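Pasting a structure here, questions to come.
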C-alpha cells in the first residue's frame, strides 16, 4: 500500500487492530446503529486504513458518529474490532492542536436539568483533548 | 568388512549446481571400505540404476551409499535396484545432499564439505547395517466401517462388492445419516431419499454386510490386518430378529411427547419409534428416557400389541468382540449450535431456523408434510432471508465459530432459494453472502440459475441483527455494493450454520490412534497423495470426518477409501516393516521398563532357560518383541537400561557411528 | 458479605435513585457495600486506544484500593462498570499498558488486574442468588410485564466483560422473574440507544432511543428497566414514549419492601 | 588478528515423520540455515537415547537439537511424549552440572513447518555460536 | 538386637521355613560389615553380626539368591525394603522365595566420621542411650550419635517398612520433612559457573572403580552397557576424559524413576563423590514436574518415565537458574 505513512502506522499502533484480518463481509456495517449518520461505515474504516487513506477518514464527520456500542467488535467473525479503528482515527485528529470537536464553552447550551454528568464527561473525553 | 559403493547424484544441476560432486566422489572414495565411488547425472533414472547395478556386480559390493535427494523420495527406488542384484535392500543408505545441502546452502565449498560429511555418516552406518528380512502378518478379511451415513454406506457397499465382509457400526437406530434428512440434493435436485434409500436397502440386504445399528465402538486393539474391536450394542428393548417393523407399537404408544430428532425437534414422536419409514434396519427402538414401562413399570402397551413378541423390557447392553483387517472412520458431521448466534435471533425467535431445519420443513416426510410453513404460526412465509457463513470462516480465536469454510452452504442455500421460488413464486428470497463459492461440476451454473432464472436476490453483505417485529422478523443487513444498510421485514430467516465433526469423533480417533487437526477433523496420511488414509496403518477415512464435503465428493471419497481397504484385505499377508525392535535375551533383565512405553503392546515376557556357570541352568524372565505388532518407534530402546533392546536399522551402534562421523 | 463499592459521579447527583435503592436492597439482602475512599470519576467512557494511559489511571486507582482492601469491587452504573472492567482486563492481559500504568502510578505493589470486578447484578446472581432474592421478596410485582434494557456497556465486548451471553443475555430476565414480574424478550434490548451522543447530536440520540422504546412497547412491556443512568436519561428524555423507564434497583427495593 | 567466524558443530536428530520431512520442506522452499547443522534421521524423537547426545558432545559437538512431531501428533501416538519427559529431565540434569542449558534443545516441527525448521536452526546455531566451543562436559573431569 | 535377630533366624532355619539366611558378617576390618549368606545354624552362630556399622543394603543380593533352591531369610532395614519392593516390581526377585524380616533402624554410623574424630583401632560399636559407644583397641569411646550418623541417615526419608513378613522392633512412618533435597536446592540456587566448579571438583576424582554400580540395587543389569562391547559405549580404558561424565550421567538416567534413594552409591565411593546428589536431582525434578513418586513404595505405581500426560512441561522450559 503506497499510501502507508506515519498517520496510518499511528492509527494501527494506537488501535492495536490488525486490519488485514478483515474478510470484507460487512457484518460490522450491517450491525452499526449509527449507519445512517455516517459517511464512511465501519468496514470502510477498516479497508481505508488498510489502504492508508487516513486523510479522508480524518476529514469526515463520521469519526464523531460512532456510538462506542461495541456491536461491531463483538459480532465481527474475524475479530477485527472496527470501533477501535474509528476511535484511533478520531484520536489522531483531536490530539492535534485546536482540533477539539467539543469545547467546554459549548456545554452550557447543551445542558438540561436531567442530564447526567457522565454524558458531559464522556463527551469531553471522546471529542476533546 | 563391507565392500561399499558410493554413488553421487547430480540431480541435473539441483545438486551439482552447489555441490562439487566430483570432489565428493573423490573424497568418499578414500573412506575405509569404499571400493567404488562415482557420480552420475540422475541416479534415479533407469540408466542411473543400471549403473549402480553394474557396479554392484562388477565390484562385488555388499553395501551401497547413494548421495542424492531425501530418502523420503527415492530410498525405495535404490533399495529395489540393489535387491535386483542380490543385495539385501536394507544394505542401502541415502545421504540427503539435496534437501539438506544443495538447496539450502549457497557456498560451494561449504556445501561440498557438508555433503562429504553426510556421505561419511552414511558410509559409517552401512558398515554396521545388517541384512533385514521383512516379516509377514496375516490379514483378517473383514472391514469395520464406523458411521452409517452415505460415506459409510458407500464404502461398505464397495468393499462388499469386492467380496469382503464389512460391518457397519452406527450409533443411531438406523443407517442413513444426515443425507436421510435432506429433501433435495444439488446440483441435480433429485430427491435425497430416492437416491439414498436404495443404497440403504442394498446395504441391509447384502450378505457381506452386517449392520450394527444403535451400537458404538468401545475399544480398539491390534494393528493393521489384525484389529480386535469391542462393540457395544445398546439395548433397544426390542428383539431385532423378531421385530417386523410393522409400526403398530409406535402408533399405540401413549407417550407421544418426545422431540423428534429426525425432524430436528420440530415435531414429536412416540417413546417407541422407528426414526423414519425407510429406516434400515426397520426395527423399533424404545427410548428409555421417555418409556413409562421402563421408568415406572406401568404401561406395557407396546408389548401387548406386538404380534411378533419382539418387545423385551429386560434387554441389556451387549458388548461383542469382532476382528477386522482394516477400519474406516466415517463419523460425519453436525451443524454447530446456532443458539450462540442470537444476533440472528435463533435462540429467541421461532421463525429463525437453520438450513437443516429448513430441509425438514420442505420435506414431504417432515413435520409440515412438505408445505413450507413457518414454525411460529404455520403460515406461508412470503419473504425469506438466508444468511450465509454463520460460524464459518471465523478467526482462529473466535469462541463461537470455526476457522474453515464449511464448503456446502453456498450450494445448498442456492438450492433452497431455488426450490422456494419454484414452489412459491410469490415469495421474495434474499441471500446475504460474503462470497459465493461454487467450485464443482455444474455448481456455478446452478447458482446462476437461482439468480437468473428464479430471481433470487443475492446481496453481497452480511446480516447484523434479526429482531422479532410483531409477527415478522426485522432483518438489518448491509448491502456492500450499494453502500446501504437494509431493513427487511421477513417471515422466515434461514441460517447456513457451519458444520463440525461429530462430537464422538475425537474419542474414536483416540481409540484408533489416528491423529486429528485442531478442528477435530481426522488428519490424512498425506493431504494430496494419501487423502483417504490416516497416518496410522490400517485406518482409513471416508466422508466429512476428514473435512467438509458435499455428497458427490463424499461418495467419491468413500469409494476411494473402499479401494484402499480392499488393497489391504486382498492381501493374504502383510509385509511388515523390518526395522523393528529386538531384545537381546542375553542382556535382558526382564524389568518391564520397555513394556511400559510401548504404544502397541508389542512386547511380552517369558521365562527362559539359560546356561549358567558350571553347567547350571538359570531361568530368567526376558522380553521378546512381536515383529508384526512393533511399528519401530524405538521408545523401548531408550527405556531399556541394559541396552538389551535395540532397533533394527536404527541400532544404537549405527546411530552412534553416524554421530561419530558427523562430529569427526 | 462485604464488597468495595465504586458508585461513580452520576450516582451522587442525577442518578441518586440507582444508588439509594441499590444500597437499601443490599442491606435487605444482607450484603454490605463499602464505598471506596477518595474515588475519582472513571471517565465514563473506556479509552480504547493502546496509547491512552492517563485516561485509565482513575479506574486503576479504584481497582488498587479494592485489592488493598482485599475485597471484590462492585459497581452499579453500567458505564463505570464497563470502564473499570475493561481497564482491569488491560492490566491483566496487556503487559505494555500494565507496565506503563504501573510506572506512572509508582505503586508499592504493582497492579496486574488482581481485583475481581462485579456488577451489582452479578452480585445478585452469583453471590446472593436469585432464589434467595425470590424468597426475600415481600411485594412481588405480579402481573407486571417488564422489558430489561441492557444497552451496550454491560455486555460488550463480551470477551472482556464476561457478564452474560452478549447476544442472548438472561441475567435481567431472571432478575425480573425473581421479583415476581414477567420479563419481555425483545430484540432491541442489547442494541445501542445512542446515549453517548445525547448532548452532541440530539437528533441521532432521539432516533436511536425511539427505536428502542418502540420495540419495548410493541412487545407488550409496561415498564423498561436499566442499570445505566445515561440510558435512562436518553430513553426517557429522547425516546418519545410514554413507557416509564426506571432503574432496576428501584424495582428491587419495591419488591423487597424497602422503597 | 584475522577475524575468523566461529562455527559450531550442531547435530540435529529429526524424527522421520514430521521433522525430517520438515527439514526436506525447508530444502524444497530453499529456506537456508547454517551448514554446521547436520541431520541424523531417527524413526521417532523417542529413539534418541541420552547416550547419543552425550556421545555427540564427547566427539566435539557444540550443540544438539532434537526435533519431533508436535505433542499429540506423534506418528507412533506417544513417542514424543516420552521424549518430552526424558529430555526435560536430562536437560535439567545437564544444567545442574553447570553445562550451558542453551546447548541442548527440543523442538516440535511438523512436516508442514519447513519455515519453522529453518528458523529454529538459524536461532539455535546463533545461540550456540554465541556460547563458543563446548568444553564444560569434558572439563568436568580434569585431572590436575 | 543382634540376639533377637539371631534367635529368630535360628528358629526359622530349624523349622524349615528357610534354608539359608542373608545377613552381615565381619569383613576385612572389624568395622567393615559385609553381606553374607549363612547356610547352617552353626555358621550363623559363628559369623552373624548386626550392629550400627551394618549399613549395607541386602536387597540386591536377592536377585541371585532368590533364584536358588528353597526360601532365604533376609533382614531389611526400612530403606532397604524400598529397594526390595522396586526389584519385585522389576521382576528381579522371586518374592515367594524370600522371607523378609523388617528390622527397625534409627540411622547407621559412618566409620569415616569416627575416624575423622581421631578414633582409630575401631573394633565395634553399640548404641546406648542415644550415644554411640565405640569399641577400640584403646578402649571404649562415647560419641554423640548425631555426630557419627551417616549423612544419608540424617536425611532419612522413611522409617516405614513397605514390605515384610515379620518385624523385629517397631515400624516407623514416612518422614515428611526429611530435608533430603536441601543440598540439591543449594546447588540449584548457585550460578551455573558455581555448579560447574562444584561438580568439576567432585567428578574429577572419579577413578571408575565401579563400586557405585556394583552396590546399586537398581544397577543390576545382566551386563552393563558400559561393559558390553556391542553397545557402542563400552570402554576398557577411558578414551578421553569425557567418559566418566557420560558414565555418571547415563547411570543416573538409567536408574531415574527406579532409584529409591538408598544412598549406597555415595556410601561405597572410595573417592567420597556425593553421587546420590545426581539421583536426588532426578527424583526432585520428577516429583516437581510429574507429581510425587517414590520408587519402591508401591510396586504397582507407574514410574514417571513409563508414562506421560498431554500437558507435561516442555524440555526447553527454564533450568535451575
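For reference, chains read A, B, C, D and E in written order, and residue numbers begin at 1 within each chain.
Everything below uses one rule, namely that contacts are C-beta pairs under 8 Å (C-beta built on N, C-alpha and C of every residue); 3 or more make two chains touch, one makes a residue touch a chain.
Small disclaimer: the values here were computed from a predicted structure and weren't measured.
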| item | value |
| --- | --- |
| Path length in steps (a step moves to a chain that is touched) from subunit A to subunit D | 2 |
| Starting at subunit C, fewest touch steps before arriving at subunit E | 2 |
| Residual chain groupings, excluding subunit D and keeping positions | one piece |
| Selected pair, greater C-beta contact count between D-E and A-B | D-E |
| Reference subunit B; chain at largest CA-centroid distance | E |
| Farthest-lying chain, centroid of Cα atoms versus that of subunit D | C |
| Innermost chain, where centres are averages of C-alpha coordinates | B |
| Intercentroid distance (Cα basis), subunit E paired with subunit B, Å | 53 |
| Separation of mean Cα positions, subunit E and subunit A [Å, integer] | 73 |
| Mean-CA-position distance for subunit D and subunit B (Å) | 33 |
| Intercentroid distance (Cα basis), subunit C paired with subunit A, Å | 24 |
| Multi-chain contact sites of subunit D, meaning residues that touch two or more partners | 50-51, 55, 72, 78, 82, 86 |
| Touching two or more other chains - residue numbers and ranges from subunit B | 343, 465, 597, 639, 652, 656 |
| Contacts with 2+ other chains: residues of subunit E | 225, 232-233, 305 |
| Interchain contacts (touch definition) - all pairs | A-B, A-C, B-C, B-D, B-E, D-E |
| Residues on subunit B engaged by subunit C in the complex (per definition of touch) | 339-343, 345, 347-349, 399, 465-470, 474 |
| Residue ranges of subunit E in contact with subunit B within the complex | 67, 89-92, 220-225, 228, 230-233, 254-255, 258, 302-303, 305-307 |
| Residues of subunit C defined as touching subunit B within the complex | 159, 165, 167-168, 185-188, 191, 215, 218-219 |
| Partner subunit E, residues of subunit D touching it in the complex | 50-51, 54-55, 57-58, 71-72, 78, 81-82, 84-101, 104-107, 136-144 |
| Residue ranges of subunit B in contact with subunit D within the complex | 70-72, 96, 98-101, 103-107, 110-111, 113-114, 117-118, 121, 513, 515, 523, 535-536, 579, 597, 599, 631-635, 637-639, 647, 650, 652, 655-656, 658-660, 662-664 |
